[in-house]
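Note that subunit A is present in both complexes that follow, paired respectively with subunit B and with subunit C.
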Partner chain A sequence: MLQPTPPVPQPLENMGQAIPRYEATAKVTGQPLYAADEPIARPLYAFFKTSGVARGTIASLDVRKAEAMPGVMKVYTHRNAPPRKAVKHIMTGGYMSDTNIPLADNRVRHDGDIVAMVVADSYEIARDAANRIEVRYAAQAPAATFGSPGAVKKVPEQAQKNAKKAGDFAAGWSRAPVKVDARYSTPTQHHNPIELYATTAVWNGDQLTFYEPSQFVYSTANGLAEQIGVDPAKVHLVNPYVGGGFGGKGILTQRTALVALAARDLGRPVKLVLHRKQAYGLTTYRAETRQRVRLGADRNGKLVAFAHDGEEVTSRADDYMVGGVENTVEMYACPNIATSVTLVKADRNTPGFMRSPPETPYMFGLESAMDELAVALNMDPVELRRINDTQKSPISGAPYTSRSLMQCYDQAAAAFGWSRRNPRPLSMSQGDWLIGWGCATATYPTNMMASTARIRLTADGKAVVEVAAHDMGQGAYTAMQQIAAKRLGLDPRQVTVRMGDSALPPGPVAGGSMTTASAGSAVHTAAGKIAARFGGAMPAPNDLDDAFRRLGVTQIEEYAEWWPPGQGPQAVRALYKGSMGGGGGEEGEQQEGNAGGGKPMMAAFGAEFVEVRIHRLTREIRVPRMTGAFAAGHIVNPRTARSQYLGGMIWGMASALLEATEVDAKRARYVNDNIAEYLVAVNADVPQVDVILVPEVDTKVNPLGVKGIGELANVGTAAAIANAVYHATGKRIRDLPITMDKLLV
Partner chain B sequence: MRPFTYERPKAIAEAVSMARSEGAGHVNAPVQYLGGGTTLLDLMKLDVMQPTRLVDISRLDDRLLRGVSRNREGLRIGALSSMAELADNGMLARDYPVLQQSLWLAASQQLRNMARVGGNVLQRTRCPYFRDTSYSECNKRIPGSGCAAMDGVNRLHAVLGVSDKCIAAYPGDWAQGLAALDAVVEVLGPGGARSVPFGELHRPPGETPHIETSLQPGELITGFVVPGEPWPRSLYRKVRDRESYAFANASAAVALRMRGDVAEDIRIGLGGVATTPWRARTAEGMLRGKPLTEAAIRAAAEAEFAQARPREHNRFKVALGPATITRALLEAKAMEV
Partner chain C sequence: METPKISRRGLLGASPVVAVSAKAASAQTPEAAAPALPDAPVRRRVVLKVNGESRELDLDTRTTLLDALREHLHLAGTKKGCDQGQCGACTVHLDGERVLSCLTLAAQAEGREVVTIEGLARGGKLHPMQQAFIDNDAFQCGYCTPGQIMSAVACVQEGHARTDHEIREYMSGNLCRCAAYPNIVAAINQAKSQMGRA
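Coming up: the complex of A and B.
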């Protein structure tokens, strides 16, 4: 069973075993219970009626037909909804993904805002009843996005504080002999996990147990407790599996409190499963961006000036900001740097984290501009990266703990056959298909957050690892299993892992690609404490029985707390409260040690190469092959790591060519809010993806030498594709997604 | 979904008598036939269609409704044949590749297993404003209410056959081949049997976009007849954003009879760009009896789109449509048959 089979990668230097996924058999045989699968006795079912306008007030609301239906228990509207406490947004130290409290008044603040909640005996009756609610709105013209009348620009304090600067950009720019000054845009995108957003609330006296997909169970449970005014100790969230999260299930939404309070009000469990359509307005999304990139270089290609300015859409209620310009300006050596981020507030729900929130949009801008610069310099784009590669921050001068970007480029270029590329646009074709090759840099910062873990080892050589971390399919169970097994000297199959439950010792948010580094470090520490009971070196599994006898115990349990360098025990206290910001590390880039200031730079890197084929007449764009090489410190499991990279590049390709939530500019509404019309890649779009794991040793990032990889590989793909499209057609597409219409006109 | 009565008739005659009803148009009738249900149940769940009675024809075992047969008149396909079974039919692939390919390239295997070709031609538009009852403006759903797509998101909407009332594209694939090959629809209704030329089955939106076909409430499609000789030199070219499981941005069902370089007969059906399955008669007329060069095809294809009326986001279809015709005809010309 532990024998890897192709295409399972063989472990190279500084890599663990490529064992199969911990829960693989369970998943392919349909065993795991996802939140909405949890069998509950006699539940009621909730269904929302959501708004058909994005801004206005409810002029009339007639629920009589719904209430009259047999099986309907209650219809909640702004007239009778249970009150909830206002809890702050996650970015201002609270728990919420969106602070707009639905059903608190008769106002509608965005597309798909909740205007009523029906609770009934069955899902079908609840949904049918919701359809029979008659609402009339006094609608006002909403602001949809950039450029809409009524959209308001704002530079939040945080953006000013985080703005990065080096030298004198204006001076460097004015002297630069070669310049690129270009504007790019990226679209709205929604997560669309296959597991729908769901909440089931069950009260037992004053104890609440609830089931909902969560990438941060401690935060979700604590936030809910605060919203409904209940002691957090009495709120228990159970969610061992997340069926795809991508950031969308990271932060508490407003639906949960409504379900919990309805269950208390009606004295029965209540289950809610959002319709996919409804998730577009009632959860978060990746906001659209507009960017301006200015790159100035000398004639040899050395950067002398770099400015990256971004605009991002957010809601009226909250100043959510991704601010990826802080990351892009760390990429290459450059003496003169300036950045800015401006928010544009519109009548929208609040956006939020989505896989590599800052890097995905902003690295598209930078890496497209780098390609434009290479063209302007008549230089190979790989060589341009090499000339500007750096081992230290161009802002603070702090060294990278390790950075293998050019090793990645060289290995990927060789595997891809880059040397056979004719750099001239429109120079390669086969039959009616134009061929283009392009490349770009991938990067993701090594974020870390405090974590705890508990391990119980019994004399029979079995261990149980407990940490409220989360597996969304990324392989976290497997990583914890392997890290514990290694330190305890056990076969991984002897290690049971329990996660995704707020009754377990707290773990980090499954975001920022920090589970393995953070929860893994806590597990490693706890395992180390067990080893210490045996004098530091673990006895061989066969000798454990004797060793336990000598100690006079039948089991050993150790609990450990771990926090990243630069943080302290207060980070663990914050973690128990489910706070993301408490210890410094959160999905954003405020991570200490990552923000310059002399602290070491920590990040994983990769290089991606793609081939595109574009039909000379109809201009469909297809991607017959992609090659990516990635270096991210110690790789716990090359098999699950490869899966993350594969999935990342596939997502990156889809986000370049397909994925966009279409926003009706007049109505401020999401139009293609279903997965028939919101396109993601299907198998036929992905003939070949080659992943190369580049060995890298990093002894400084953390005790395990592990960097985050989950959000690495989808960064850069979009730029690589845009660059390849340019190579194929001579047309530079600066607005994602790159669809045939942009090549036909 | 609203409650409804479910009937399962044992014979065609019983089905037709159960489905007798009043109403403005076939698709809005209170009684609906249930084939594979992939359009009907979808729209019922979305509350867009609210029939009170479903007559399940999917299990009727009548030879009139099933299978593929050929005789001197041509090809006949029973309306209850599934998309999947026809997509797998070797004779169709050889003698009528345009028909087989249009099914093979449609939807997904799961949908093709469920869906029947009778229901397929009656599938309804994917216009998002039609499919979501929270929009108050949609002339097709609520006659006289306006059309949100006109000033909304309309990238996938039609440029041909549009009216001031509706610009919704006909989304299906299979119908373009039937339109191109002059198929005839066999219909059985309360008033007996009749034949409808395929080109008259779908109605352009005009002033009444809610009336989509010329069928009367309760009329049952029993089969399709494609008259005349086979069309081995034919194909279906579907152009879409992703490689599979997507509706067409533009598609062309083309069939040729060549003598040397000259197109003795030429048929072009267009999808994705028009409000109904579109027969490109202007282009056909310009090319019939002429040598099929790329330049000639282009000119004819562009002439077909001279009448196009694009909106803000679907302007590209005015270029994509002719490109699709050109590609399809060049590929059909190059076929080895």
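Coming up: the complex of A and C.
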């Protein structure tokens, strides 16, 4: 067996140095200023009163008790709330995560909708006053989810456009001698970053500075400017540190404008920190899905037909689409393919991006079905993947720029000890514990988006890199530092990096795992322009002083714009407006799929192996160990990369066994809206996790040869666990999360 | 908005008046302020000893130690992740023991030693636990980190860091959504021997 990688792995081929994080000392001493940490002089505090029903109208609203409280400045309701402009949803070219405008009328559209906002001179008073607001609702029966009366099915135009097809699925399916036809479901999940969602707004004349956690400062600032009718040049978002995002802080929510306008109205800074509970209704979440997977194979295991059909819940207001079936059908060679997606519109807030939005639910379906097929064929599941591995798209025929899936399988299988597995279910045990081993494929597309960057190099050999990209824990500061240092021939410690501020040159959304590829390429380009000033080759750090003197300058500043192949300068113009429209992000994936026709396939891959132990009597499920091997082109920093994979696999484990937001089927309300009852993984849940970095060289994806990794490792884990549970118990659980009760029946 | 009826409450509903009255109340002793305005916050002078320094505050008695640190003393290293005792991000030391500052009223901390993440490094030198967190990449976004480190130091001092299993169990009150858990265990293992020697 291979040794598990230590927290600081040795760099292998095509990997950079495993230096500590740029901001490490700051983070262990409590120095970084997250959004709600900004010291503000004499702020007012806002607190929302949120709805107790999911659908209806406000019959009466009595705010007198709240208003009478000493210290209360103002209570905003639908009667006096400042107007805001309707701005489109992010997926239709706008900025919003949810287009329902709270306090615009007396209607309640989902659980936890805002019905009032109290602003007071202390947090305690604002919260107390909000609780004294008396609301009576004329409630109507809401549609909660799939199958609820009143839920409306819809096939959005985009789903039809994106539908992927190859050959003739019906014909292939009817001829296939071995078949799996199974239905899977994945639950609602909330991001629950440990940093709460917060907004502080400070006006200085007609200039607004605001502080809120954002994975895309240009988008958030531009969107807010449009909503409140202010020149975007006068709106400044400061957010150098994000306390975890996972997609939840990517897109502007409706709370921001309310806070900004209250601050203008009252002439004082206003600070809002959403209560943990309120985040469930006032931000986005991972939509629940229901899927049908049909896999047909010949007797040797070769796929001959694959159809993946998905149903996803969304709000009445917006057609957010998870859309992962376009990705699953690219996984394996297969001549006959069909996909479909149907939305189910219910009385809910709008769902949105959550770590590997399409892949997490849909790869659970595919990779579970692959395991079922392996069982039907009486074949080793790794061999089934090998037989169907492909180096090109089964849809368009376009080649992958690189794809090391089977290298990942082989390395992970060896480290895990897979060859010692007895394939028969219920065949392995220790004492009262049934043991199961399972595996699955991880994948994530290499998304890229335009970016700019500015670098200033001074004669003393120090550089400052500026790009409005974001570090929410991925290691983006460190990656930018290393990329600049390498191209400039400097010790990374001489490089200062500034990010997370809409006054800096724009960078990409911290989504779609594209920060390093996109912002990194812009930084690399800017550094190249500096090198060009010295004739292309950077002088050694000790010779810089002389070299600057020869040029007759004391500093050199270069600004660069970079866009991915196939895009143009209009992508940078879109970026300045905070639009993802230039291509990229989860949207971009779908556009890419659409383009098809020989466009190269770009994705990172991995293979994950898990051991589960299930108690013979209680059916308690433990995961003592997981092994993952991942290949993603050039790895800028093996230390931070390993941490991303580690955290990703633990996310995947939690999504398989723990995480589900329970939706009350009658009332369409979130039942477990806190992090004691919404179970995220805790330290005691986490076993030995081995991460293997598989070297891979890709010279085609981008100048740096990097692929996105932040959303790779949590894909596939859930299926690996479900497959291991089957191996341990002989029971196939197709509905996540896998809990004791499902194994007891 | 409805026009408030003319009553004591209605008059108080006009916000500028309210702002003044809140301040006026704050200057009085709590005993005097409370009966005059039933819904008015009771305020109290609280002296907190934080990281070795005494700080005097005039606080709403409901103010948690967490909000006193963050909003009144601008010691924002201690984090709010739930405000209801579920995440551990707000962990500080009170007389050397780890407590959740969101579940501790500021007034309860009077006369006791409060140590926060800002007070852990001494004389410009990182605490061995802080160094171990760096060495083992025991964080990603860093938001849970102050709480993890304060908890980890206490975990070792309590004698609850003898095995990996024990560390995992006694660190399970500190959630890390980035899931740096295995690295946190590695960091505690590194620091515990150095702390013993220190």
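The criterion applied here is as follows: the second predicted complex is superposed on the first by the 727 of 745 C-alpha atoms of A that agree within 3 Å, B and C clash if a C-alpha of one lies under 4 Å from a C-alpha of the other, contacts with A are read in each partner's own complex, and residues count from 1 in each chain.
Rule of thumb we're sticking to: contacts are C-beta pairs under 8 Å (C-beta built on N, C-alpha and C of every residue); 3 or more make two chains touch, one makes a residue touch a chain.
Everything numeric in this text was worked out from a predicted model, so none of it was measured.
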{"item": "Superposition on subunit A - do subunit B and subunit C clash or fit", "value": "fit"}
{"item": "First (subunit B), second (subunit C), both or neither touched by A:S427", "value": "neither"}
{"item": "Greater residue coverage of subunit A in the superposed arrangement, subunit B or subunit C", "value": "C"}
{"item": "Partner chain in contact with A:V682 - subunit B first, subunit C second, else both or neither", "value": "both"}
{"item": "First (subunit B), second (subunit C), both or neither touched by A:S396", "value": "neither"}
{"item": "Partner chain in contact with A:E124 - subunit B first, subunit C second, else both or neither", "value": "both"}
{"item": "First, second, both or neither for A:E662, with subunit B first and subunit C second", "value": "first"}
{"item": "Which superposed partner A:P39 touches (first subunit B, second subunit C, both, neither)", "value": "second"}
{"item": "Which superposed partner A:N14 touches (first subunit B, second subunit C, both, neither)", "value": "neither"}
{"item": "First (subunit B), second (subunit C), both or neither touched by A:G52", "value": "first"}
{"item": "After fitting on chain A: smallest Cα gap, subunit B-subunit C, Å", "value": "5"}
{"item": "Contact residues common to both interfaces of subunit A (with subunit B and with subunit C)", "value": "124, 128, 676, 681-684"}
{"item": "Touching residues (chain side subunit A, partner subunit B) in the complex", "value": "50-52, 124, 127-128, 131, 277, 432, 615, 617-620, 622, 657-658, 662-664, 666-667, 671-673, 676-677, 679, 681-685, 739-741, 744-745"}
{"item": "Complex contact set, residues of subunit C against subunit A", "value": "1-2, 4-5, 9-10, 12-13, 15, 18-19, 21-22, 25, 37, 39-41, 60, 62-63, 67, 70-71, 74-84, 86-87, 89, 116-118, 120-121, 126, 130-131, 133-146, 149, 167-169, 171-186"}
{"item": "Subunit C partner contacts - residues on subunit A that touch it in the complex", "value": "6-8, 20-21, 23-34, 36-37, 39, 63-65, 67-75, 77, 79-80, 121-125, 128, 191-196, 241-246, 273, 275-276, 472-475, 639-640, 642-644, 646-648, 650-651, 654, 674-676, 680-684, 686, 688-689"}
{"item": "Subunit A-touching residues of subunit B, taken from the complex the two chains share", "value": "1-3, 47, 126, 128-129, 132-136, 148, 151-153, 155, 239-246, 249-250, 313, 315-316, 319-320, 323-324, 326-327"}
